[in-house]
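In what follows, chain A forms one complex with chain B and a second complex with chain C.
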Partner chain A sequence: MNTVVRNLRVVRRMTAAEIAQQSVYRGAWIIFMLANICMPVISLLIWRTALANGAKLPVDERYITTYFVLLGFVTMATSSWMAAFLANDIRLGKLSSWMVRPASLLVKFVANNLSEKFLKLFALVPMIGIVWWIFRDSMNIPADAGRWALFAVSIVLGAVLVFTIDILIAALAFWMDDVGALVQARVIIASVLSGAVVPLALMPAWSRGFVDHQPFRYTVSFPVEIVAGQLTGRELLAGLGIQLGYVVVLGALARLVWAAGIRAYSAVGA
Partner chain B sequence: MNTYAEERPSLDRNWLQLQWRHVRLWRRFFAQAVVRETHYRAHFLTTLLVGLVQLGLGIVPTLLLFGFTSEVHGWSRAEVIALVGVFQIVTGLIATFVAPNLNRMTTYLTEGELDSVLLRPVSSQFYLTLRWINVAELTNVASGIVVLVIGLVQSDLRPGFGQVVQAVVLAGCGLVLLTAVWSAMSFLAFWLQSVNPIGVVFLSMVEAGRYPLVFFPVAVRTFLTFAFPVAFATTFPVRALAGDLGWGPVVLGLGLAVVAMTLVRLVWRRGLLTYSSASS
Partner chain C sequence: MTPVPALPPVIAAHDLTKTYTFHQQTAGLGGALKSLVKRKYETRLAVDRVTFDINRGEVVGLLGPNGAGKTTTLKMLSGLLYATGGELEVLGHTPSDRRHDYLRRIALVMGQKTMLWWDVPAMESLLLHKDMYGLSTAEFDRNVAELAELLEVEHLLNVQVRKTSLGERMKLELMAALVHGPEILFLDEPTIGLDVVAKARVRSFLADVNRLRGTTILITSHDMDDIEALCSRVMIIDHGRLQFDGGLDDLVRTAQPRKLVRATYATPVDGTRLAGLDGVTAVDVDGQTVKLEADRERAGVVMEQLTRLGPLVDLDVADADVEDIMRDLFLRRSTLGDAS
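== the complex of A and B ==
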C-alpha cells in the first residue's frame, strides 16, 4: 500500500510540474484540438446528409449526431501518444537513469499523459460546446445522472486500456530495434476498430460478433455508446464487465512483459 | 579585380530566364531526391505499405455509406470511389512536393536557417516551398490513379479529351490553391514562431475532400470552395470527367489560383519584413 501512495504522490507532483511546463504551448493545444474535432465534424455532416437523403441506417439521426459530437472528446480523453517516446527511451538507454530512481519511468509518461489532457480540456470543451449547441435539437442527452457517471467511469477505463496497449507495444523495444512500424499500425487499426472513423453500429452484420467484442471498441466507441446509444441495462453491465476484463488482463500482461523486458535490458549509453 | 561588394550584372537577362532558371533548379532538386531515395529503400517500402493501408481504410466509410443507399445527391458509389482516387492523387502530390517543406517552416525561422536561404541567388519563397521532395510519396499518386481508373470503369464514365483536360486543369488549380492555403498558414510562423500544429489542422481539414461537395450543408460548401478550396482538388475534377461541368469553373479555378498565389506572395513579403535573423 505504501508504494502505491508514494507512486501516486510522485505522479501528482510530476503532473503539476508538467502542467506548468506544457502551458507554455497553450496556443499549440488550441490548434491541435481544432484538428481533433475536424474529422468528427466532417463525418457528422456526411452521415447526416446520407440520412436526410433516405439512407436506411440501423441507427437514427439522434444517435449519429450525439455520437460524433462526443467522439472528439472521448478520443482525446482516452488517447495515448507515448509508445514511440517510450520505445526511444528504452532503445537509447534513457531508461538507465530512471532505474536508479525511486519511481518507474512509466510514472513520467503517466504524468505527461494527464497533464497534456488537462490542458487540452480547456481548448476542446468550448469547441465541443459550440458544435453541441449547433446540433442541440438532435442530440440524445440522457437525463439520468447514472449514465453520465458510467460514461465517466468508462472513459477512465478506456484511457487505462489505451495506455496499457501502448506499454505493450513500446515494451517490444526491449527486444526489437525499431517498433515505429508497429506503432503506426496500431494507430491505423485502432482508428477503424475503435469507432473513431465510423460508428461501430454501422459496421456490416457479418462483422458484428468480432467488432463488438474486440478490445479497441472499449477504448472509444463504448463510452460514447453509453450516452448516445440505446444500450439496455444488461448490455451496459456486460460492456463494463468486458471493459474491466480487458483492463485487468492486458494490465497483467503488460506488467509481465515490462518485468521481462527490464530483465532483458542491457543499458545502452551507460 | 572584382569584389562581392561591387555592382554586378544580374544573373538573368529577363523575367522569362529567371523562371527558367528556377525550373532548372527544381529539376536538380528532384534528381537529388531520387538519388537520396535509392539510399533509403526501407523508407520507400514502408511509405508504400502505409499508404496502401491508409487508402484502404480511407475508403471504408464510403463503402459502408453506400451499403445503406445506392446514391446520395446524385453520386453513385463508383463515382465517389473515383473521387477518392483523385483525392489520393492530389494529397499524394502535396505530400511529395509541398509537405516536406512546409513542415520545416518552424525550423527555418526559429533556427535561423532562413538566413542562408536569403543569401542565395534564388527566390526565397520558391526555395522554402519546393526545396525538399519526398519521392516515396509518389507511390500514393500511383495507387490513386489505380483507384480513379477502377471508379471510372465501374461508373461507366467515358470522358472525352476535353473533359480530361478540364479535370486535369481543375485538379492542378486545386493543388495550387491548397498549397497556397497551407503556405499562408505556415508563413504565419513569422508572427507566431511555432506553426507545426497548423500542418496537422490543414491535413485534417483536407480530409473533407474525400467526399463530394454536395454531401455538405450549403454554408460548408461555400467554405470548401472559396476559403479552403478543397472542392477544386476533388469534386470539380470528377464532375468534369462525368461531363457535367462547363469551362466556367475551369476559368474560375484559374482565376482563384492566380489570386491565391498573389496573396501568398504578399503574406510572404510582409512576413519577411518582420524577420530578424535567429542565427546571428
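== the complex of A and C ==
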C-alpha cells in the first residue's frame, strides 16, 4: 500500500478518535473560542472609534471591519500548537514508540490539529456569525465565489506553513535542551508579523517591502486580505505563488533538519 | 543428498559501536552560569565493538547492570538509534533506515513506555495498527482473537486503557505489538513493576508466541526469572562490551563451577573432615546439617562421603541461583572496572 494512503488512513483513524476524546471538553472549547474572538472584536471597536474620530488610516472602515470579523476564524484555522509538545517528545524520548512503527512521526500531531480545529469550528462559527450579522452593513463581502475558493485554498496553505514552521522550531530540540524560549519568541513575532494584532496594512510605509514579503504575512493576513482587501487579480495570484513558495521551501528545509535531527536522536529513557 | 544451506541469521551485528556526546554542568547557579559561557563536552562509549548473530526463532536474553549498554544495543537493533560504528543488519535491513518493510516486520515493547492510546479503549489502538500495518480485516480479526485468547484480555479490549491495571496494560501492550505478526520482538523490561501472577502470565504468553509463531525474541530484563523461563541463550553486556554469549547452563557452569550441597542427618555429625576433600570448599557444619560447595566433577565422590558421615535424612544438590550468579558477576566486573 502506498505510504501516503497509509498515512492518510492513520490520520483519519486518529482524528476520529481524537474528536471522540476531546468532545468531552465542550465547555472548554466554548471558552477557548470566546477568548479567540474577543481580541479581534475589541480591536475592531477601537479602530472603528479611531476612524469615527477622524483618524487618517490607509484603509477604510469596511476593510477594518471585514478584517477583524474574519481574523478570529483565520487565526484559529491556520494555528498550530505542536512545537512545544513535539519538542517535549523529542527531549523526553517519547518519539521512540512512534519511530518503531511504519507511519509518519507527525501523524499524531496532524490528527490532533485537525480534530481540535474541527471542534473549535463548532464553537467559533456561531460566534463569528453573530458578529458578522451585527456588522454586515459595513463589511466587504465579495460576491465572487472564486475569491472565496481562493480564500479557502490560502487558509489551507497558511495552516501548512504554520505547521511547517512549528516542525522546524521543534526539530531544534534534537540538539538543544530546551526550545521553550524559541517557541515563545515565535508566538510573539508571529502575532505581530502575521497581522493577528494589527492589520499589516496599518504598518509604517517604510516597512512595507519587508512586511509584505515575510512568511508570517501568509499565515494570517494574506488569507484575510483576499476577502477584506482590494487585491487585484495579479496581486492575488502573486501572493498565492509566494505563499506556495514558502510552503515548499520551508517544507524542504524542515525535512532536511528533521532528517538530520533523527540521526542525533538519543531516545532517552528506557 | 544435497546439503541444506544454513539460514542466514535474522540479526547480524559486527563491531557494533555507539558513543554519546554530552556536556557536563556543575550543580548550582555558579555551574549554570559557567555553562552558559563555556561547556565541557564529553564522549561516552555506550556500546563497544559488540559482535553477535541471532537466528530465526531464538529467544535471547540481553543482560547487564544498569548503564551497561544493553538498552542502547536494543535501540540500535530496533532502529531508534544510529550506530556510531560497525555493521548491523536485521532481517536484511539497516535498522536506522527505518524502511517500511523493516518496521512492518519488527515490534518493540518498552516496559516503561506505552504504545497505547491512554484515553480510549485498547481496540482503538489495535485498529490504528490495522491501518498502520495495512492488515486486512480477516487477518486483523484472526490475530486479535488469537492474541486476546492467549492473553485472556477479551474483556479489556473495550475498556479505556487508563482504567486498566499495570499488568492488564502490559498484556494489552504486547497485544498491540504483536497484532501485525512481527518476525522479531524486542522487549525492554517487559515485566517491570508487575506482580508475580502477571509476570508468570506474560512469560507464558511470550513462550507461546515463540513456539506457535516462531517469533524471534530479544529481551532485556533485570528479573532473572524472566530469563530462566524464556531464554535458551543469554548475552551479557557490561561496560559496553559483550562479556558472555552462550546458553544459560554454560553461564551457570562458567560463573559458578560448583554445586551447592546441603545434607541433613538424624543425629549430629562431624563434618570437618570433609573440608580436606579434593574439590570441596566452604564447609559449614551446624549440628545435624552440613552445607558445602563442591566442584561439579567431584560431586559424585562428595555425595558418597556424605552418606558415610551418619544417618542421612535429606540431601539437596543445586546449582547456584542465577540471580546470585549475576549479582556476583556484575559486582566482580564493577570492582575490576573501578580498580582499572
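In this section, the second predicted complex is superposed on the first by the 269 of 270 C-alpha atoms of A that agree within 3 Å, B and C clash if a C-alpha of one lies under 4 Å from a C-alpha of the other, contacts with A are read in each partner's own complex, and residues count from 1 in each chain.
Here is the rule we go by: contacts are C-beta pairs under 8 Å (C-beta built on N, C-alpha and C of every residue); 3 or more make two chains touch, one makes a residue touch a chain.
All values derive from a computational prediction rather than experimental measurement.
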item	value
Fit-or-clash call for chain B and chain C when the two complexes are aligned on chain A	fit
Chain B versus chain C as contact partner of A:Tyr265, first or second or both or neither	second
Which superposed partner A:Val4 touches (first chain B, second chain C, both, neither)	neither
Per-residue contact with chain A, leading partner among chain C and chain B	B
Touched partner set for A:Ala143, first chain B, second chain C, both or neither	neither
Touched partner set for A:Arg101, first chain B, second chain C, both or neither	second
Touching partner for A:Ala50 - first (chain B), second (chain C), both, neither	first
Touched partner set for A:Gln21, first chain B, second chain C, both or neither	second
Inter-centroid angle chain B-chain A-chain C after superposition on A [Cα, multiple of 10°]	90
Per-pair minimum CA distance [chain C against chain B, superposed on A] in Å	8
Chain A partner contacts - residues on chain B that touch it in the complex	46, 50, 53-54, 57, 60-61, 64-65, 67-69, 72-73, 192, 194, 196-198, 200-201, 203-205, 207-208, 211, 214-217, 220
Residues of chain C defined as touching chain A within the complex	20, 71, 75, 78-82, 96, 98, 100, 103-104, 106-108, 110-115, 117, 119-120, 124, 127-129, 131-134, 188-189
In the complex, chain A residues that touch chain C	1, 3, 6, 9-10, 12-14, 17, 20-21, 93-94, 96-97, 99-103, 263, 265-267, 269-270
In the complex, chain A residues that touch chain B	25, 27-28, 31-32, 34-36, 38-39, 42-43, 45-47, 49-50, 53-57, 181, 184-185, 188, 191-192, 197-198, 202-204
